[in-house]
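Think of it as A, B, C and D in the order they're written, each chain with its own count starting at 1.
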Amino acid sequence: MHTSTSRAPADASADVAEHLTHDDRVGLLRYMLLMRGIEEKAMSLYRQGKVPGSFYDGYGQEAVSVGAAFAMAPEDRLCILHRDLGAHLIRGVEPAAILSQYMGRAAGITGGRDGNVHFGDHRVGCVGMVSMLPDMMLVAAGMAMAFKLRGEARCALTWFGDGSTSRGDFHEAMNWAGVQGLPVIFVLENNQYAYSTPTRAQFAVNPVERAGAYGFPGLSVDGNDPEAVFEATRAARERAIAGDGPTLIEAVTMRMHGHAAHDDMSYVPSEQVEEWRAKDPIDRQRARAVALGVDVEALQGEVRARIDAAADEALSGPMPDPATATDRLFHPRDAEEILLGDGRGPWSGFAARAA
Amino acid sequence: MHTSTSRAPADASADVAEHLTHDDRVGLLRYMLLMRGIEEKAMSLYRQGKVPGSFYDGYGQEAVSVGAAFAMAPEDRLCILHRDLGAHLIRGVEPAAILSQYMGRAAGITGGRDGNVHFGDHRVGCVGMVSMLPDMMLVAAGMAMAFKLRGEARCALTWFGDGSTSRGDFHEAMNWAGVQGLPVIFVLENNQYAYSTPTRAQFAVNPVERAGAYGFPGLSVDGNDPEAVFEATRAARERAIAGDGPTLIEAVTMRMHGHAAHDDMSYVPSEQVEEWRAKDPIDRQRARAVALGVDVEALQGEVRARIDAAADEALSGPMPDPATATDRLFHPRDAEEILLGDGRGPWSGFAARAA
Amino acid sequence: MASMTYLQAISDGLRTAMRDDERVMVMGQDIGAFGGAFKVTDGFFEEFGADRVMDTPLAESAIIGTAVGAAVVGLRPVCEMQFSDFIACGFDQLVNVAGKMLYRQGLPVNITVRLPSGGGFSGGPFHSQNPEAWFMHAPGLKVVAPSTPEDAKGMLIAGIRDPNPVVYMEHKHLYRRVKGEVPDGAYETPFSARVAREGSDLAVITYGAMVHTALQATEDLDGASVMVLDLRSLVPLDEEAILAAVRTCSKVVIVDEANQTCAAGAQVAALIAERGFEDLDGPVTRVATPDVPIPFSPPLEQAVLPSVDRVKEACRELLAY
Amino acid sequence: MASMTYLQAISDGLRTAMRDDERVMVMGQDIGAFGGAFKVTDGFFEEFGADRVMDTPLAESAIIGTAVGAAVVGLRPVCEMQFSDFIACGFDQLVNVAGKMLYRQGLPVNITVRLPSGGGFSGGPFHSQNPEAWFMHAPGLKVVAPSTPEDAKGMLIAGIRDPNPVVYMEHKHLYRRVKGEVPDGAYETPFSARVAREGSDLAVITYGAMVHTALQATEDLDGASVMVLDLRSLVPLDEEAILAAVRTCSKVVIVDEANQTCAAGAQVAALIAERGFEDLDGPVTRVATPDVPIPFSPPLEQAVLPSVDRVKEACRELLAY
């Protein structure tokens, strides 16, 4: 079972060309633009006092969620974390529902019961995260366990941060997935910080090195390149579906904003920010699109218009009815069974798979 | 920080000769005999209904606790696990106190409040284990953290089983020890089973391989050779005291009895038991003693007499007073501060260190 | 109908649920070929195979967490903790992931967590706990605690079929000590209280192993007519049955094996003090374990666990009020 | 004396304890150069250095477990959970290792665990909990919950000096909202109740943030004389002060921000129903959060948390009884 760990960045170029069509590549850019635009809009709503509580975003990390979610099939199942808005979009969650979610409105995915990116739309196969990190690794492993037990050709995927790797649940999930050889993909989003804590205070050795000691491969990819993340995830999914077990993918990136809206991240050296700003994932994909002859201005305009319309819709929606605050603590026995749906995101799966 | 993992059995012979005197080697045998004898006595008391609850022993694993504890200094601190009675003996806990402990008598180390090997005599520098495995790894790491913060040349050691490595606390302790470079020694007592569960259902890769991924060395030793365990621990202690951080030592051994008194371990193939019976650690050390010209018969007689006297003493002691059952839930503010003592075990430290 | 021990009834319930519904699987340490620490799943491995009778690594958080994952994609896992005490190691997954999922996002989590609990056999501080109150104080979990073989089977089946996370307290001290008639096949016992004995002078309100202590203590209490109410379910709590008992008897003794502070018994007492006040004819008396870890040695353990004598004494005192 | 916010008083207490005793150290996530999520340790890193103001990995079990180890060899660690909710991830070490050590083996564990708790600012289901009852139901832990800046400082210093594990509940909603005079230097506030306002018609018994809600709700309640008893400490619970309040007022409203089932308020109600029964002139009324996770959106959150209006209404109803 012992597979040696490789940290060499996956060389995506060849395989990517094989699996991503022209439209896929534009799709990757579109989702990243949409993610960044929605988060910028939410941030301005936050500043206007319209987003209660706190606000977290994934600025600069768009390639990680978009690249990985793009490689998943509708029948796969996802636990999406707090810097991974793009994954929700790929699964088909509407921008208006997301903005409603941030603002605690009735039309938000959780109907105002939870906030921020603490949601998952079960109709598109997603389980919403809890705050306790990285609890969802075990939930993802459990979904994969069910797939394996039933002999289904599906897999589960979850993201988690560098900081989360210090907690026991990381280990229990890695060990369980390894010993049972589960079809699960763990995407370690190494954005250099956990709140104010740099990775050197979190671990002595990069956790991607640990995969081998759990019996499955771990690899590092450029987390600012959506196509590299896509390709690593696609290959991991292929392994999973083939019955070859889990994969740990480290997506190396940088948290370009503070931990949350209140954090000016004065603890981050400005050179580090500058260095990473030059590697902006959207700039990179935009350049590819330009090279492909895409009218990127038009695409950006289209995305902006969609977000503006979503904001208008969200802002016009009501807050939840306080009379419902104690409803739905338990599911009635005679009610319909609710499970994670079968997925219906237009981009749940890249074009080559469908072919 | 990344140190590569070595699983090659530590070649003890040369160093051992340097550090163990004739008396030390006899001492190792004496403590193993004492451990086995006390556990046999306790088992017969259990069969007579004099030991309440359950009963766990370390039959066949005597070399692990005896070898490791022998290498520790009085100023070191230990968390001793349930198959490691020998370590208590080395620290100086009296056999009568141990038999009283098993029988829930007032003179037991916990005064009847806890049972089995769930004790630690704080006067000799030991913290008693809790059942939840492997919680004590974190407590040991915490003691080591205090030593490091205060600049003291001491270390902490704890044992834990193969099964325990699956739990989150294993990981949190390994990671914490690695990132802080703590003077702590983790002795992984791989006795092939966790209750009925063989190691293959517990992990895909031997956990000793993980040490490197936490930034410190992991090595395997013959857990049925007290001198090999001693030597590995002695060297690990030297590293710890020198500020070179933690060590994970896998002591490869076999649980030769059931998980507890009620368990006939029918799930263990009899060839496996036979194979290991031939490697009995006491037989091995006895042969060494014989070669050194020791009168082993006399030694055994002495040990037996000591145990018989201890049993008499323990059996004549009273049960705890029920009126005290709710005392000492909180320590009074004005009472004396109680800390782990400075150790006073006659064999807390082998002869060569004292010299 | 067959006569079974409490333990056999649990096994029978589990086996019945597994035969009826192939989505049901069990997970836990040593539950496979070994049949579990208490032999609840003895023979299951042979009947249902390794996939549905899953030996897990020693990792409680993982047991609960993976069960949640498996449940939301359609399995119905039943998790066994080797002892209820070890749920402390899976606490977060149970309370934060399983308990809050439906309320937050409309996704029910159909898991059942079996917790062998309770003292009385020198299990000591880590094998004797009654942790149910922690979970009563964690919204989104149902908590049940049957006292008879018939209810043990019926509530386990009902718990497994219930789409919500159910914490199933099975008292170890009842395993082989209590026997009773158990209906064949599948049936469900509702999550509501049961009058274990009718009575009108005083009501003893209790659950789990203490039902038997209460029955024994009040069997012949100087001729008094003593009702024993077996709560059976703690969440939902059958408030109407409790208040009805107060109306009938006007005097109440609440017996709880757990440590007394913030125990299930405290909640029952608080309920009565608020909504049964006008029917009360005496203080709401509690018998529980004082706030200490459960000691190992028999004389110490017997000194802290509620005994037949302590219950008798409390009842006598209240009857004389 | 200086005027300080509740938050500043906590900082001041911690700083004072660290200056007085070099065994005291603080451990937690982002508490070093960053000064902590709520800035309680702002400036500590500069004053005391990285060793005594220790940034830890993201690992709650390890924070508690290593603190226990450090404590038994002579340090006095103060652990910060970033939010009280995350203590679920360190639950086992707190309850089983720290809580039971002294009882089992005579070894005191001098740690203090700071839990920033409570709702009211759209923290949602994982940043708003009041988990104190879990720890009241775990023998061997002291649990305190100051409501004023003066007590926040004095109880933190007392907790750090106390040789036992102390769970220190600091309500986030008080951090910047409540200000008051705080004595200079080191002093201790005893772990006992305090009469926040004298009164004789009705007693509101509460603690933490709800003390302020209770005071506001009963400031001018149709001329009634309303006592407000601030428990301050939950373990030990000042039973005498509670019973004295019942004797004086005969009517009691208990206000608790936690989920109602098996909450601290349930224990207080049960105590009164048992030992204050004869002094009661009406039902023991409770105001608490219903048993649901704390929702994020303001209208939902306001609907579940006990409000000034709900307390008023409960008092009025009881006064009219």
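Everything that follows uses one rule, which is that contacts are C-beta pairs under 8 Å (C-beta built on N, C-alpha and C of every residue); 3 or more make two chains touch, one makes a residue touch a chain.
Nothing here was measured: the structure is a model prediction, and the numbers come from that model.
S.K.: By mean C-alpha position, what chain is farthest away from subunit B?
M.R.: A
S.K.: Find the geometric centre of each of subunit A and subunit B from their Cα atoms only, then give the gap between the two centres in Å, rounded to an integer.
M.R.: Result: the chain centres lie 45 Å from each other.
S.K.: Suppose each chain is reduced to the average of its Cα coordinates; what separation in Å results between subunit A and subunit C?
M.R.: The answer is 40 Å.
S.K.: If you average the CA atoms of subunit A and of subunit D, how far apart do the two points sit, in angstrom?
M.R.: Result: the chain centres lie 37 Å from each other.
S.K.: Residues of subunit C touching 2+ other chains?
M.R.: Residues 57, 59, 61-62, 85, 88-89, 92, 96, 100, 103-104, 125-126, 139-140, 291-293 of subunit C each touch two or more of the other chains.
S.K.: By residue number and range, which residues of subunit B touch two or more other chains?
M.R.: In subunit B, 110, 113-114, 118, 130-132, 166-169, 172, 175-176, 179, 201-203, 329 touch at least two other chains.
S.K.: Among line, ring, star, complete and other, which best matches the way these chains touch?
M.R.: complete
S.K.: Enumerate the contact residues on subunit B facing subunit C in the complex.
M.R.: Of all residues in subunit B, those touching subunit C are 52-54, 104-105, 108, 110-116, 118, 130-133, 163-164, 166-169, 194-197, 201-203, 267, 319-326, 329.
S.K.: Okay, in this complex, where on subunit A does subunit C touch?
M.R.: 77, 109-110, 113-114, 118-120, 122, 127-128, 130-132, 135, 137-147, 149, 156, 168-169, 172-173, 175-176, 179, 328-333, 335, 337-340
S.K.: Where on subunit C is subunit B touching in the complex?
M.R.: 29-30, 32-34, 37, 55, 57-62, 83, 85-86, 88-89, 121-127, 290-293, 295-300, 302-304
S.K.: Mind listing the subunit A positions that touch subunit B in their complex?
M.R.: 1-2, 165-172, 175-176, 178-179, 181, 200-205, 207, 209-210, 212-216
S.K.: Across the complex, what residues on subunit D touch subunit C?
M.R.: Result: residues 85, 88-89, 91-92, 95-96, 99-100, 103-104, 125-126, 133-134, 136-140, 235, 237, 258-259, 261-267, 269-270, 272-275, 277-278, 280, 282-286, 291-293 of subunit D touch subunit C.
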